[in-house]
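Once you scroll down, you'll see the structures, which are given as structure tokens.
Here chain A shows up in two complexes: once beside chain B, once beside chain C.
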Partner chain A sequence: MNTTAAQLSNFFKVRIPQLDSRVVVTVLRQLALPLLGMLAFLFLWSATAQNIDTSLGKFPGPSAVIEQFDALYSEHQRSREKERAFYQRQQERNAERVAADPAYQPKIRAYTGKETFIDQISTSLVTVMCGFLLAVVIAVPLGIAIGLSKSLNSAINPIVQIFKPVSPLAWLPLVTMVVSALYTSPEPLIAKSFLNSLITVTLCCLWPMVINTAVGVAGIDQDLVNVSKVLRLSALRHVRRIVLPASVPMIFTGMRLSLGVAWMVLIAAEMLAQNPGLGKFVWDEFQNGSSDSLARIMAAVLVIGFIGFLLDRGMLMLQRLVSWDKAVS
Partner chain B sequence: MNWKMPFKKIFAPLVAAAGISCASAQVVALGYPEKEELTFGFIKLTDMAPIAIAYEKGYFEEEGLYVTIEAQANWKVLLDGVIDGRLDGAHMLAGQPIAATMGFGTKAEIITPFSMDLNGNGITVSNAIWEQMKPNIPKQPDGKPVHPIKADALKPVVEKYKADGKPFNMGMVFPVSTHNYELRYWLAAGGIHPGFYAPHKGDISGQIDADALLSVTPPPQMPATLEAGTIYGYCVGEPWNQQAVFKDIGVPVVTDYEIWKDNPEKVFGITKEFAEKYPNTTVRITRALIRAAMWLDANNNANRPEAVKILSQSNYVGADYEVIANSMTGTFEYEKGDKREVPDFNVFFRYNATYPYYSDAIWYLTQMRRWGQISDDKSDDWYKELAAKVYRPDIYQAAARSLVADKLASADQFPDFASEDGFRDPQTHFIDGIVYDGHKPNEYIDKFTIGLKSGQKL
Partner chain C sequence: MSVLLDISHIDMEFPTPRGNFTALRDVDLKIQQGEFVSLIGHSGCGKSTVLNVVAGLYQATRGGVILNGREVTEPGPERAVVFQNHSLLPWLTAYENVELAVRQVFGKSKSKAEMRAWIEHNLALVHMSHAMHKRPGEISGGMKQRVGIARALAMQPQVLLMDEPFGALDALTRAHMQDSLMEIQAELRNTIIMITHDVDEAVLLSDRIVMMTNGPAATIGEILSVELERPRDRLALADNPQYNQYRAQVLKFLHERHSKPDVPVKKKAAPASAHATPAWTSGHTAKAVGDAA
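Then we have the complex of A and B:
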């Protein structure tokens, strides 16, 4: 007994203080504090929500939002069932018609039902990714060119600076009109609304990438440039072997910034242009003005935030993976 | 009747192409639709119900049509969608195809083979205005106001605002909307001038000489705009009047049923080009819509609760079940707690509601002339010719006949096509007692105290 106590006290004396300083603090920092923050937020949210009376009823608290997540999911499943029934009916109808009219070429038409919340999420994700990739394809080469040439930089910089702060809402009407004027195929492969959102996203998320790439390229260590000169690398090889690897951290920082911008812009663009996606979902619910609308919008807000967070983390991981400069966080 | 000439000319090729004989009672079997994938637009209002029901009950699919239904942001976007082909057809204000064909606003040839409903609108004022109006309204023995409430009760309020130099703003949904004309009719019947349009001078605000200033607000945003105090009242379709009651921000004072009993409201609009290019599709759409309208009114509104449930889905109207049910199931709540029976508030099929009568189109034209949207005098024949260009009972008849042939409807559910000339009998049930005879539009216009008369031009 005594020995055990002694051993224990010994153990505590020796072990715990050492653990205390590192592990406990880390655990606290990494887990407990964020959890505490969340709890405080939830508490504050539900407490304030109780006290806000809108003309659509009380502001939704956490429980109302969770309820709507559930409702949205079951709506999605019901819609999938309807979709199956739709295709089955269509096949039967086609078979009937072929029997009556052998010349008829049966064709399967896409489901005509309304997109569910989950469909809207995937539409938004696809749109933002396509818009972002298009922006990368334009911005990185442009940024490298600007970074390499001082005169090109002076020529293009003012334009970049002017276009950078433009809101997507200003671009959208122009994009819409131009797309409907230039894109006039009778059987369009890609929907116009998708193109509108995509181009708006591209236009808005181009600039941070151009600027960061240019700064990264311009700031390459002079020693590396000299090495390239000594080796007499051709322009293309110089870019590939020296410039690109050296400026990768900055390029990816720009991309990360751009993706964040792209996601924000997309929601606004969808809302304004009534293009399919999460933004349209929010707008539709606002227009409905039912007693569930606010809770549904809040659910969408949380999803939008969470996806934005995941996109950012994803870019960060990618950035760490390809970057030699491990200092980035 | 020389006005029938162009009318015959217009639809003769269509009839030939469709292989439908309208003159004889014999019905040739209807061909397969030429275009099977269609997109229809609508505005979030309960009177879009025939489209939602035709979809949900599978009537479109039974015609071999695969229809996508899309809510539109406002009437302008919707009309542009139909004109530029993004939408194949849409739930439209009765005035829209007429104005488009005439060239007031965007010029385009839009026709309608199907009237969507009768009645269904109301005029709502904010709580503050209602408190000021209330002393001017006679009371029933039980203390509730006597209906219909006339704009006479609003007149002193408007005059007070005018004397204080404050503009009295009201909302309606579109310059050529039913709501605009109904609100104007009601105001003018009570001696309040709603203002003239003068498109030949470039003035399309409609506020010349106005006591009450009317402006456009999209239907779903009406309650929010009223709440914000930007407007003091509005005229809109359901559920946006009942929503004001539920949100406790305003009081519906009068329904359009009381302004003009069984007035034509929305129509289903398509381009003339569409109807000519896809005649079978057009007839089949009309068939599906007629069946939906029949379902909505069947067995004395027995299906209405189910319809309300469908409409309350977020992809259709999306408002709460109770709000939509209030008017759709035969009652209407005025002041909170003052719920009255209005069994015909929404009529989808009874009283030949779906038949596109020329006289309905002409009524809208008379109101356009009355308020200056049509700047110059027009002959009675002009009114009739324009109505015949836009309203197409020939297509409706083809659809109705084939439904009867398929035993999906009986002939007595439709007007007697053999004797029917496209004009309703003179209509008497207006709030100001003025009788409307569609055959004599100019004579009708001259009967109003407020408004342009024959020979007048601003």
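Then we have the complex of A and C:
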């Protein structure tokens, strides 16, 4: 690799300081190779796409997908414009009415346009975060309790093991029915569909966190537990000062796994239940069956993947920030 | 001087899948206020078990431990422990590790400023002032052990229990730590029980060396009073005939105990292995002596 660097510096006729051979290697590995991989993938994709004929035309290649990204974005902008115009019209009308009759109480009706791709993305993001946070709030205390108490572990472990592998699609009908039965306020503050997606996500991403937290808590170094005993820390202080920090690395491992599960589950649940979100977008396009549909679905697939990746990175960064154990990858 | 700690005829049995395992039988020892006692014995004989019973982390099956006239039933900060592997909380700095202990022990009796001064005083005592805001992951093994000692000292324990505190350190660091410990001991006159497998360390530091027989059912074999004047200087002692006599006495005990295990039953039951056992153990003993030298 050193010779490569030397050759490169000769080639460019620049003086590269000594350390730079390592920099070149790093740049090569971290930038050039991923880029190369990406290019190869794009090439293979467009080559294969050409040869797949579907009932909706040829399978979309990269350029068709990019076109659709563009179209989806301008659709979104147009929709926003319409929305703004809608509210402006209302305000003008209300102002006129108030001017004519000062006793008039102005009313604002909400805009009810079709959700755009961008709207669906934000709906999905909000849903996944809410479902995930709810799961964290339940799973971490539960995991700590299970990790601390052997009897509780024996009691709850079978339930966890049985529910862990359940697919979201199996939960969904039950959740939907239960939510409809129990959540019967006439003017719902939160949409039922949102609750359905959220609870399904929570149910599915609870288990990795419970298991990892419990394993982390049960595996705390006996010496540290002994320190706590010698200091006579109260149960609460023991949990707060010893147990929780000691198991933070494992809790985060569980959280990362869970967030990944949550994102996958959410898309599936949205598709199946036609709840607003990216999953519904995909399903609607599939039902729509226009010549652009496949390219739009492909665009959604890429966005779903990219968001999943960002969520994972985000958790990792949070883990690095919070955890004392710097050896996380 | 008065008896501070009375380890009174303790037996310790551990339940195992193949019936109870008797680790200790009738361990009986009285320790005076301000005394430095070492426990020495072969690995696995039951030294840590004795210490854990005194700490209250284990409950003796028979007999008991009496500290200042009160029976020990659970762990507590008046019997501070320095563990072999420092056992600092890795997410806290040196200062915060000591602080956790100080807050717990003196939270009601000392003001914030007093606690701060007390924490810093104890870290200074073990020469750790310069690195007190570093985390365990950022300091060397010796430094971690110093912080562990500072944490224990900061609890102002009636008895300080140390389980092979320097066992994981290299020889040079260990010598430094022993000197530090002697300095601190000269100043504070703590009552200390220290486990060691290092003969020189035992002779250098102790007022009495308690030699334990091999397990199972280990007990106290011999007790050696070390009457060397303090302060002790390791270099001067090297040529001191009395020092060397003490050393030889401990070595002889350990050697004899290891070459003639106190389990004659086994010899009868399995004569084939009777030959193999001494050969293996004598090799091992030679190594242990080499370690100690």
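As a working rule, the second predicted complex is superposed on the first by the 294 of 329 C-alpha atoms of A that agree within 3 Å, B and C clash if a C-alpha of one lies under 4 Å from a C-alpha of the other, contacts with A are read in each partner's own complex, and residues count from 1 in each chain.
Heads up, the rule we're going with is that a residue touches a chain if its C-beta (ideal position, glycine included) is under 8 Å from a C-beta of that chain, and two chains touch if they have at least 3 such contacts.
Predicted model, so just to flag it, every value in this text is computed and none were measured.
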Requested in this report: Specify the outcome, clash or fit, for chain B and chain C once both structures are aligned onto chain A.
Outcome: fit
Query raised in the report: So, A:L233: does it touch chain B (first), chain C (second), both, or neither?
Result: second
Requested in this report: Give one of first, second, both or neither to describe whether A:I307 is in contact with chain B, with chain C, with both, or with none.
Outcome: neither
Query raised in the report: Where does A:L169 make contact in the superposed view: on chain B (first), on chain C (second), on both, or on neither?
Result: neither
Query raised in the report: Looking at the overlay, does A:Q274 come into contact with chain B only (first), chain C only (second), both, or neither?
Result: first
**Report entry** Apex chain A: angle to the C-alpha centres of chain B and chain C, given in degrees as a multiple of 10
**Finding:** 150
Query raised in the report: Looking at the overlay, what does A:I118 touch: chain B (first), chain C (second), both, or neither?
Result: neither
Query raised in the report: Looking at the overlay, what does A:R241 touch: chain B (first), chain C (second), both, or neither?
Result: second
Query raised in the report: Is A:L148 touching the first partner chain B, the second partner chain C, both, or neither of them?
Result: neither
Query raised in the report: Taking the superposition as given, does A:C130 touch the first partner, chain B, the second, chain C, both, or neither?
Result: neither
**Report entry** Most chain A residues touched (candidates chain B, chain C)
**Finding:** B
Report task. Once the two structures sit on chain A together, report how near the CA atoms of chain B get to those of chain C, whole Å. Result -> 53
Query raised in the report: Overlap of the chain B and chain C footprints on chain A, residue-wise?
Result: none
Query raised in the report: What residues of chain A sit close enough to touch chain C in their complex?
Result: 221, 223-224, 226-227, 229-233, 241-242, 245-246, 248, 324-326
Query raised in the report: In their complex, what parts of chain C are in touch with chain A?
Result: 55-57, 74-77, 79-81, 83, 85, 87, 89-91, 100-101, 104-105, 135, 137, 155
Query - Residue numbers on chain B that touch chain A, as the complex places them - result: 32, 36-37, 44, 55, 58, 61, 64, 66-69, 71-73, 77, 84, 86, 220-221, 223-224, 227, 243, 247-249, 312, 314-315, 317-320, 323
Requested in this report: Mind listing the chain A positions that touch chain B in their complex?
Outcome: 55-56, 89-90, 93, 97, 101, 104, 107, 109, 112, 114, 180, 192, 274, 284-285, 287-291, 293, 296
